[in-house]
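Some notes on the structure that comes next.
A, B, C, D and E are the chain letters, set down in written order, and residue numbers restart from 1 in every chain.
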């Protein structure tokens, strides 16, 4: 029973990881921008929802505000930080440092505005229901998994049946050539940032209700996203989804065998081994040189 | 020979980071002709092509398509006027299968979905070898195969004006001929105008109506290919 | 810089230092601590207790050792303070060597790890350490609520480990049983898995030993995930953020026994002014940093009266000499190891406020 | 004041060693490691272990720390041989997180999160060094030696090989370079020298715990290198000085509200990182990269 | 640069029944050929014939599916690229792979420092090394560009740098993958001149080339590959006049 419970818990966690990670993976996979501030997007979306919600404007407006905030942040960052750096042929590391810096800025600004402590979105949906003896599942768990399925479904179709998916891959391969095709690389990367930022919104909102928020949690979110992206294979949406779920499950099921302070180590041991044994990730294209 | 000018550069000066790579270039591509542009390495041929296709902003001068000023327009706008570019180097996306590169190319230039299959069929008639590797990632193809894909992609737009930057690099002679012959045929059948940049002068001149020679960023000669062929002039000019 | 500090007992500006987490994940504590010490400064200056105005130089420790050492060095060498308010176990341990070497008193009013009792002469605690809290609450619960089987969720650091030790021995001697222990890393955010394990263990009560945002998350997630047993925790939980959490309802927590209703003037004034100034009831942390600051003023006042310089060494000597002080919460005395002995209260949280169930006084 | 300055110089020297050793693998070999703090920690713990259990003499502590760092760095070399770029970054990140867990759990050696207190001062041939005005010499001399070693390596055939490997691994191999071996050696050297900084740090602070060796430290060191100028000699030192002084300088700005000063400091730090990367991507010392420049 | 007396009949490298497939594509199919000392062997063949792949198999960049390769009489079947280089087999790449961030001079220097160990060197050794670098720089006309980063060079200069790296070494066998493609006639004339000069001094060259002028201009022997199979390995005249091969390669009807 415990194993079943932990599996469901793991799937819930994994669904949220996957959603956040896919956003990062999509952005990184197509623009090669190491968007470490993706964690900050998460924080912004989560706190905007929280703010609108506690101010009494309700869930729908909250979601709208969170989505708008996430997109705006992603696009502005791309336009005013990443684009200028890339123009000077900055290495992906230059971008990483800038992005990390922005992450710190956001964390502290959010801390100054909303307080550095813990806030939580109150909703009856986070209370677990006993499904059978000893198996408790909260409605949010189902919502998380549903969100993951729906968002991935939409994303999958979108990438598959619109040419944007192709454009994103083309951009990753050769940004200069994209121009010669008559496409605008700026526009494509803006699309990547928009979609990637939208994808963190459900995870951010749900996390606000399940595990609560504090401005420093963007960091952790980011690390997990990164792990899932690599384990899944950079640029592979399906791979990242699987990896996100797998990491969530591993983290949860590891509790059966080890103390919880080792669970994070389990996640990152998986990451480390994956890179050594199968650098291209679960479904990625070959990455070893 | 009709003498209406389809693509023209007037007094173009352009370069990178403040250093002009071409200065005060004037060149005219006439309707239904193949114009070959030759010049030593670094003469500025590719730079000129980039200016014409809106990939590089010129510092001064005018670019005109069909007599209309298109200076400052981007590649998309220029390609909408029926211009296509086969870029220098390998014009492919390594991770995309050939089929996807084609559909992306057609999407970029707004070819309706319905028409796409027909166009691919049409290109495969001109470059039949491509059908052998339609579904393989372009990165795994040999250099020549990649070049075919790049040309095929440009043709899919059914351009009236085709700019090609050293398509022969890395191509076996037969392949290059196999490429040039249908292109020439196509050009005459469809009234195409082609601006060809080539180092492989001998082959290129065979299909050319006119030639221009560039040196160190300037135009130094213009005339009939026959004057260049088997001519000491050529060596002199380089 | 050094010339200034040769000034004698004539009208003199006094500055003490404080190493609080002002940024980072624990910054919420910084605000809590400051509200206590700032109020003390207001009172001290209003009363003109010292020859010149007192001020506090705050340095950001981020709750981490290295920034704390840098801050401490600055306080010791640049600001030249004789007395530093410290918080957090890691910070306190890291700066204790500097304090001892430079004869600067460091006073802890926030950390409750038992190893804080052994950091040398110049390290004082104006807070009862957590082993006392465990020793107080478990026998009470076993007796009053019939709790026997306890699960412990603890943070895997010296603090958490000392609770583990204390809980094991206390439960054994009081007739309870520690049926399962689960340690969590400091950075963990997700506890639904832990909740599942807790439920599987079927305990009577769950003891939670963590701090900062984390313990609030543990409580919330346990409740969300169907753990409806009694939750027990320690004084570190009693911060506004936690009290405001609906899931906190009914939790049993211990804390130092500050009798806010005490009639003594220091306590009365503190409670009245604190409530007025911050518009909320004070907590033990506010009290402790108020006390720590106030303690300095008392000692410095005594030194000035004797015409002695206010140095760390003199403050230490004076504290040993006086021994017992009138601070918020009554007349309290220091143990030999520099730790204040306070009674411990067992409280429960009702409607966002604490309600005292019992007071256990070890001193008597 | 003086002691405070000395204190800063000591910390800057120690971090300069860290930044320079990271720069050695990052700037010259193209190995972007986010696990540098691990070897810093390994050095600190190993040195402390030897100092408290056997002898505080640097003739024991330093070699022990360097060997420990070198041996453990083979774990880092493993992914470095297989992958590059962002994949290696992720691998080193994994190693960093794993190491932090081990540092906090292996309590008998590391003291866990509680850390180790009362670490003995450096013992140099019987002479105990702990006062800032003495310690400063040790760290500055240490830094100079490390810089000298790195400088020699970088300007030798070894350094050229490293850069060649960074630019094109397959071409380097085609010209006879044993790529795995050279990469491994560079990681080992870098880690062993990093461990030296660990020993100094531990005995200077006399207290260490896992919090000094976390991912944040690794990122800080990396920021020092990048902000100062990757692949330059002076860059890492300038970066280290700047990032360590920044918080102190900001705390002198009295007009800032006390309660928010920590946040403001962090915001300035973060913003500084971003702006610098936008306007000087090559770092403070590095050349401002020109756009374009030759054909690709 | 090895010695000026070379026996042009000596077989330096013996390739026997070498196979390599990528998925279903047989890139190199049962190829057997010899590389003889002191001559230029040109590998020609249509695109995708497997020429580059053959180079990769020789230097160990790719592993063979089957077959053997002998170098100076010794089998080198499981050789790694760096070992091949140390044994005297050097190659260039179709896409150049210069050390882009390094100066022209350092590019050449590092290419002749195979073992990378920074041991102190005798003065004479250092001098010899210097001379080799100067030689390569001056022969390729890069003397003035010695301090420029490789990636800032113009196209032709990059091609010449790729050659200079090889020229400075003591390698006996050069495998050159389309070293002259894209060069203008002036430049490739200069390139051919360099190559002939080097061969005269004793190196052995195997070159992949498409440009007919170059093929005719330099080949001592031509090996013809098509779809992975070696169709001919003979005197230039024989190969160039073979009607079947002409049809495949030059597209002329018989």
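Annotations
Basically, contacts are C-beta pairs under 8 Å (C-beta built on N, C-alpha and C of every residue); 3 or more make two chains touch, one makes a residue touch a chain.
Quantities reported herein were computed from a predicted structural model and do not represent experimental measurements.
Touch-path distance (fewest steps) from chain B to chain C is 2.
Across the assembly, the mean Cα position most removed from that of chain B is the one of C. Centroids built from CA atoms put chain B at 43 Å from chain A. Per-chain Cα centroids separate chain A from chain D by 30 Å. If you average the Cα atoms of chain C and of chain E, the two centres end up 75 Å apart. A separation of 31 Å divides the Cα centre of chain B from that of chain E. Counting partner chains per residue, chain B has no residue touching two or more of them. Each of the following residues of chain C touches two or more other chains: 23-24, 27, 156, 185.
Counting partner chains per residue, chain A has residues 108, 111, 116, 261, 264 touching two or more of them. Against chain A, in their complex, chain C makes its touches with residues 23-28, 156, 182-185, 187-197, 199-200, 213, 216-217, 220-221, 223-226, 239, 241, 245-246. Looking at the complex, you find that chain B touches chain E at residues 39-42, 140-145, 147, 166, 169-175, 177-178, 199-202, 234-235, 238. Residues of chain E that touch chain B in their complex: 22, 44-49, 52, 94, 154-156, 178, 181-187, 210-213, 248-251.
The residues of chain C lying in touch with chain D in their complex are 1-2, 21-24, 27, 30-31, 34, 58-60, 62, 64-67, 69-70, 73-74, 76-78, 89-90, 93-94, 96-97, 113, 115, 119, 156-159, 161, 185-186.
Every residue of chain E that touches chain D in the complex is listed here, in rising order: 59, 61, 80-82, 84-86, 90-91, 93, 97-102, 106-107, 109-118, 149-155, 158, 165, 169.
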